[in-house]
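By letter and in written order, the chains are A, B, C and D; residue numbering begins at 1 in each of them.
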């Protein structure tokens, strides 16, 4: 577990909610995605649209995502989201997102992403690259 | 009014609907967008992802959009959408979308789009181009 | 034009953007909707999920919406949104939304909504009600 | 593994895609949700908005969801989705979704859902109920 954590707070909007009056499941994957972008901005000091150019990559494509829904998030609920990298491997990493409402965890999310550059053999495709050590170091406790 | 009309039918999904149990307004603008792509495919015989290359444009950027909501569209409702170009101008055009449920018009949509190429002075920007006569002809009654 | 204005600031996320790299048009109608909820919370001092019960209504159904797109909103752009009621009528009202990026207006939105209660003749339907004078007064300059 | 499979085909729309030109991950969870509704309609012969009333439940709330992304889904790609219940337990079940493009699996999805009624002790809450045997039987090979 790395120790760098990004926290943000947001409110469940009417447009997030389904006829059951709760945030529809796909919305959480948007919340996770945005949490990851902001986590990387906070850790690396690079704005999301500049991340790829700053590190010579194409992006951080998602290869696996999941969520466990423990309690509903209703219209107007204030959500406290914490996002952290739980594991760095050679060229991929896992991000954990925890969304709490009134102090109770409502949703846990997990993403596996790849540090991806262009494939030298075919520039229209992406290829996993080794994550630089100094990138990983920014997520570690000081 | 040009006479080429594209018709499609689809069903209102759970994920389209808000806590009032009806399709949330922003979803209709997705339905309009898809209607326009399919209208152009039907009229011009070019698949949506190939449209730009086939006509030497960058795309059909939207400059104005609107909708009038006459009746709600509920989860499970079958929608009959008709889309047509209502006006072609030199480099822009209007698309009208009509969404009917059980034979009654529920939503009317309108889009104004531009026939846009790259700006020769600044390739990162778009610039309106004249719509080719043979494109317009494909939307006219035979 | 009433004088009560709600301002909020947010950032264009990756998930808002389409293959042209700009926020997809339907997303703006979500931004408008949320602006209206927050405008009413600010003016009336009632949280969005409590609005209907506090005023004996079912909601503020949208009957017309539109947007004019003057400039693209790109991934990472910081948006300053101002929302205000531009006209109150007996039982409906218009909301104007202005979204500016780096000081320039990028998108203008407009919504027409109804102050709606249950139809006494058919509780499954909504019916326009007169907007209370003290509601309107909260949007007026002091 | 139960043997009842629902198949549907759809096309990746412009509005589904992100700046990388591929369908954004959260969209797949909408595709999974719709696949589940249609699978139940096909197996049980009940339209989605009538499902809850027909079986005396409140709904099929999602408690866990996940996806593995093997290949990108691009604008205009035709997707063949198959959905099936992979496991029925006393009051919950798993749904598997497989999305193939040009014959290759691009995305695999998994959902765990609950057969949920109202909690007799608190009608504002849901409570897991035993899935009727005749419901399960409809998903079994004949």
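Keep in mind that, in the parts below, a contact is a pair of C-beta atoms (placed from the backbone, for glycine too) under 8 Å apart; a residue touches a chain by one contact, two chains touch by 3 or more.
Predicted model only: the values in this text are computed from it and were never measured.
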item: Most distant chain from chain B by Cα centroid; value: A
item: Cα-centroid distance, chain A relative to chain D, in whole angstrom; value: 24
item: Where chain A and chain B are represented by their mean Cα positions, the distance between them in whole Å; value: 33
item: Chain D residues counted as touching two or more neighbouring chains; value: 14-15, 20, 24, 26, 30, 33, 75
item: Category of the chain touch graph - line, ring, star, complete, other; value: complete
item: Complex contact set, residues of chain B against chain D; value: 13-15, 30, 33-34, 37, 47-50, 74-76
item: Sites on chain B touched by chain A in the complex; value: 14-15, 17-21, 24, 26, 75
item: Parts of chain C lying in touch with chain B, wherever the complex brings them together; value: 20, 24-27, 29-30, 33, 58-59, 61-70
